[in-house]
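Given below, in the form of structure tokens, are the structures.
Next come two complexes, and both contain chain A; in the first it sits with chain B, in the second with chain C.
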Partner chain A sequence: MARYFGRKLLIYALTFFVAVTINWLIPRFMPGDPVRAMVARAGLQTPEGVAAMREYYSSLFGFDVPVWQQYLNFWGGILRGDLGVSLLAFPEPVTSLILGAVPLTLGLLIPAILLSWWAGNKFGAYAARKKVLDNAVLPVWYVLTATPYMWLAILMAWALGKVAGLFPVGRPYSASLVPEWSWLFITDLVSHWFLPFLSLFLVAFGGWAIGMRNMVIYELEADYAHYLSSLGAPPKLVRRYAFRNALLPQITGLALQLGVIVGGAVVTEIVFDYRGLGYLVLEAIKATDFFLLQGIFLFIVIGVLLANFVIDIVYVLVDPRTRAGMGGDR
Partner chain B sequence: MSLAVEDLRVYYRTLRGDVRALDGVTFSLADHEIMGLVGESGCGKTTLGKSLVRLDGRMRHVGGTVTLDGRELPIGEDARMNEFRFAEVSVVPQYAMSAMNPTRRIGRMVRELVGSRGIPFASVRSELDRRLALVGLDAEVLERYPIELSGGMKQRMVMVISTLLNPSLLVADEVTSALDVSTQRAVATALAGFRDRDLVRSMIVISHDLSLVYQIADTVTVMYAGRLAEKGPTEVIVERPRHPYTQLLISALPEVGVRYGGKRLAGIPGSPPSLRPPPPGCRFRARCPLAYGKCAEQPPFAEIEPGHAVACWRAS
Partner chain C sequence: MRNRWRYLVLLLSVGLAAACTGVDGGEGGDGEGGGSYPRAQTLFTSGTQWGAPVNWNPIMNWTYATGTVGLVYETLFLHDPLTGEFEPWLAESGDWTNDNTYEVTLREELTWTDGEPITAEDVVFTVNLGEMKSVPYNELWKFLDSAEAVDERTARFTFSEPRYQQWANWVYFSPIVPKHLWEDRSEKDVTAGANENPVGSGPYKYEAHDQDRQVWVKNDDWWGKEALGLDVKPRYVVDLVNSSNEAALSQLLAGEIDLSNNFLPGIADLVKGGYKLHTYFSQAPYMLAANTTWMVPNTTRAPLNDPAFRRALANSVDVGKIVNSVYGQIVSPADPTGLLPIWDEYIDKAQVDRLGYSFDTNRAKSLLAQAGYRDTNGDGLVENKDGSPIELTLATPSGWTDWNESARVIAEGAKAAGINLTSETPADTVVQDIRESGDFDLILDNQRQMDNTPWRYLEYVFGLPIRESQTTVNYGRYENQQAWDLVNQLDATKIDDRAGMKAVISRLHRIQLTELPMIPLWYNGLWSQASNSVWTNWPADSGDAPRLVPTMWRGYLQRGAIKMLAELRPAEQQ
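Up next, the complex of A and B:
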């Protein structure tokens, strides 16, 4: 067991190293000089002023040392939790921008993904043995999941937000409020949160339900299901086994979903003007804010690796066949 | 007499009409009898075995009765049949290698299975250990997952599970087909051992392997194209079969100790008829070297001597 996780951890550490290196390389190979852009924005007239400003920014962003030292400094910064200064919201540090956006994104995505996973699996397993549901209700989700998500989201924002006026559209909370622990603020937050959540939930729910339905039908035709039925086991027991076994691939699917959680909601956040990480990505690209982009990518990498590691552990707990690969011990 | 099957008809429903996989099968099984059921692929032997335990979704019980220990089995009604399964009729399936849930420890699966039938696990626990020892398995296998067992171990484990409630009838479908020769022998002996210890009253051993059947069966029944061709004591069927199909089947087998230097083993030319629907008359007619005019009529499955029945006009 220890050897298994040791090996896994080593692989994750290696992946992290490579990903961070690539993350550092990409902005430096991209066209465009952030320092020149900053200086140009200042609109200085005299060459002395420009030179002084260049020097100031170069030392501020650490461009005045050799490349290898820049790379080491970058790692040092990561370990200290310092990801540099944002160009977009200068002089705000990247870390504080990201930390401000992360709760909004996670608060939107984690409930949407987990609830849709749970409900979708239950519903799919139920639909697998109820013909009426399978033929009448599931097709609605065939259409929903096949619909381009951004179109669906815009339609929901328009129909439920603008026309019906049930929910406010745009921003995580009203611009007139400041975050605080008050009833007014929390209800406002939830009403802004609901539409983007619902759009994510509906689409993901259909995907999980359809996948689960197929898996359960497949498992119910597996040999062990037939054998149990031949020995007079009640359908309840057979279905319980089938559900549990059908859940295994769904857990992998959940891992992938949780992994891309950070970057995954860009479209939702843009459509609903919900200012989380996805929104920040778009802003960073528009403003060629390399440091912010780099910081967000680092968060995505960490998110993917963490989610994968958690799922690795879950898998060992639920599927004995994984345990067999751990070198003989049970 | 423990089992009596009367004119059993089970068809497979397909889009292009019914496939008459079992078309009027009549036989009986005495107490303590091990009946070998042989025939080539598609002759209906597995369908017959399944019909006695659980029809799958495509099978339809069209007619005939199955009586076990004086009670008629409701083989066409899946829910009512549950009462008889495991306790009265049980099966060692063709797919014993994958018959156990891969994500449950075997002991826990047995506990849940037995519990779901309303029997407390504690009451069968000691018997389970005894049976495991009987087939040469350590009680420790109950703590393992199916993937941790070898093929032969899984096969024996499934045999132990299937016979745990001392069924009156056990259907063993191709139990040795997936095993190598040395393990085949052990499994066959274990099966006969269950009968000898009276853990199973009577048994139907389905196989395409006549030599395995010869080792353990008291009687042999030969099927051809959905009907019985011949049934009789094992010695009689092997030494002096009367149905031309049985004769050709046995002559196609190599004999141990005989050298076939100059001579080729004979096969049976042709292939079985389609069962959708089957041609009238004797079904073996088209491949039979002895066929004559009378064979256009369906021959009855009649006894030609006590305990030996043949469906052939030439035999009676």
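Up next, the complex of A and C:
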């Protein structure tokens, strides 16, 4: 067991190192000089003023040392939890920008992913043995899942938000409200949250349901299922075994979904003007904000690795074959 | 199943709400409206802030949270570009006591919002900050000798070389900061600090901010109520961070935004459509002209280093098409001098008639032929005089759709005249880079806003010396010492010497119109769309409406827009 996890951890550490390094490299290959852009915005005319400001910003952002040292400083910063200062929202530190955006993104995605996974699997398994459902309802989700998400989201914002006026579109809570613990504020928050949530939920739900349906049908046709029913086991029991087996790939899928949680929110947040991490990514790219981009990507990398790690553990718990494989020497 | 669902969603939502309020908690402040800003007492604005408000530093005049200067920090004077008048604000009076000395007297009993009195020491301190190299008005100290407080309310400035125009610009544009809170700050804090919890003197105070908004609350003790008889009407001013212009438009139509200073193409149709929308002019161009969009040729590169070629290019641009089809008539074509309509009196019309240019493809062709540019390889496009092909690009920042589209029109016009010009749309940071380093053929630029003096525009066109990096002026690197001397002569002309100013400006325009170092194309509008659903009496050019610049843009509150807030009236409730 320890060996299994030891090996896994080593792989994770290595992945983390490489991902973070690439993460550091990519923004630096982007065109445009962020310090120059910042100084330019200041509109200083005298060369002395420009030079003074360049020097100040360069040292503040650590651009005044050799590249290898910048790289080391970057790692030092990560270990200290200091991700630097944002260029875009100068002089706000990257960490506080990210912390401000994270609750919104997670609040949107975690319920959407978990609920759609849970409901989708239930529904898919159920549909697999109900001809009516299989023929009538599931095709709707084939269409939904195949629809480009961007388009679906815009359509929803337009139809439910603008035309029907059921839900507000844009920003996490109304501009006229003071954030506080009150019924007014909470209902407002929820009504702003609902549309983006629904759009994510619907699309993901269809995906899970379709996957589950196919898996269950496949499992029900497997030899062990036939053998079990020929032994006289009740259909309910057979289905339960089939469901458990069909669930395994879905768990992997869930892990991947949870990992890329942030990336998945970019389009949603832009369409619904919901200013979480995804929105921040776009802004950071537009403004060549190295530090903010690095910070967010770091967050994504950690998310993916953590999710994978959790799934490794869950696998051990739910799949006896993994447990067996771990025990024997290989 | 469905029912169970609903509860689950509700449960999770509440949990989420809890998480979010947990984070934002404590920021709410003492909003009196029981958790919300009462709609009838709140002014919602948008169109200035493109990222979360993160600093309230009046010295960082390119990035401070909307309203920092104007609502909180104030200037000695106000300058109204529509009337051309200076109006004493913090100052009671300001005069040149002799050619080299300027004295300013503050009003009586001014206080900062923390209760400390505002004195001449604060004014002197603020001017002294300019000695720091990275303060935007560092230039001041090249001709300013000393600044001293004569008494409690009077400050005296002695100039080694009086530049009346620039100084007049400073006294209305630059906010005064409290010495007692700023004197211990390092240069870094002064020019790059966030200055949280700003303490100013103006009609509003900081209330709250979030990723997507900045909230100001009325300062009931504002000095201007008595001294000026001005009472700002909105209790709260909420400035919303822009996401997109489209979003701003839909919120404006829904009456959720009262004043949108976003660029909203197509607004011309909506104004007439009964949406309770208001613009400064009720017909084209709807907006006041805020700045001039110039096409900047790189005058160090052939063939753009040839004035004759630049003139042919200027003649090839179909500005009318840009105004009508790209902008839907919310802009207007620029005068060949590029001076804004507010400076009309400074334009020597006869000279413009003689030397100006207008869209005329055939004229452009003949100018090219006269100057010796011929099509030697028969592709319909002219070649350089030495026979090498001409390949010019016009760079506009990607995503600036109106400029991208205008650039396409310009390129089309140039091609029709035989000039091989293509439009390019790199990222805006790249455009900024090449603009400064001079690594471009042609770009568009519109950085200079309406102001107290045409000197600001002429300095922008002719500014010397050429540096390795051109940060604010003369991006085309046009060198003409004679013109630059005239610009400085203009700077040293007293602001009430209109005849003297006109004479110098006319000479400068003669150079500008014959040499065409930059090609003015159209006047960008002071984008301003207001909704009459909650507030009325917005500035307009007709009726009893106030004649003021209707915008929250940085730098405009001290150009008179602050008075708009006192002129607003609550809409009658149906």
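The criterion applied here is as follows: the second predicted complex is superposed on the first by the 327 of 330 C-alpha atoms of A that agree within 3 Å, B and C clash if a C-alpha of one lies under 4 Å from a C-alpha of the other, contacts with A are read in each partner's own complex, and residues count from 1 in each chain.
In the analysis below, a contact is a pair of C-beta atoms (placed from the backbone, for glycine too) under 8 Å apart; a residue touches a chain by one contact, two chains touch by 3 or more.
The structure presented is a predicted model; accordingly, all values stated were derived computationally and were not measured.
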Could you check whether chain B and chain C clash or fit when both are placed on chain A? fit
In the overlay, answer first, second, both or neither for which of chain B and chain C A:224 touches. first
Could you look at A:184 and tell me whether it touches chain B, chain C, both or neither (first, second, both, neither)? second
In the superposed arrangement, does A:49 touch chain B (first), chain C (second), both or neither? second
Classify the contacts of A:273 with the two partner chains as first (chain B alone), second (chain C alone), both, or neither. second
Vertex chain A, arms to chain B and chain C (CA centres, degrees, nearest 10): 160
Residue contacts with chain A in the superposition, chain B compared against chain C: C
Tell me the contact category for A:193 with respect to chain B and chain C: first, second, both or neither. second
If we overlay the two complexes on their shared chain A, which of chain B and chain C does A:88 touch? Say first, second, both or neither. second
Can A:39 be said to touch chain B (first), chain C (second), both, or neither? second
For A:64, using the defined touch cut-off, is the partner it touches chain B, chain C, both, or neither? Pick first, second, both or neither. neither
With both complexes placed on chain A, how many Å separate the closest C-alpha atoms of chain B and chain C? 27
Considering each complex separately, which residues of chain A are in contact with chain B in the first and with chain C in the second? none
Hey, which residues of chain C end up touching chain A in the complex? 5, 8-9, 12-14, 16-17, 19-21, 23-25, 27-29, 31, 33-37, 39, 42, 44, 51-52, 54-55, 60-63, 133-136, 138-139, 142, 187-188, 191-194, 208, 210-213, 238, 240, 243-244, 247, 250-251, 256, 399, 426-430, 432-433, 436, 447, 467, 469, 471-473
Residues of chain A defined as touching chain B within the complex: 222-224, 226-234, 236-237, 241, 244-245, 248, 318-321, 324, 330
Which stretch or stretches of chain B touch chain A in the complex? 53-54, 56, 81-87, 90-91, 93, 95, 98-105, 112-113, 116-117, 144-145, 147-148, 158, 161-162
Using the touch rule from the top, collect the residues of chain A that touch chain C in their complex. 31-34, 36-37, 39-53, 56-57, 60, 86, 88-92, 97, 99-101, 103-104, 106-107, 111, 115, 119, 162, 170-172, 174-182, 184-186, 189-190, 193-194, 273, 275, 283, 286-288
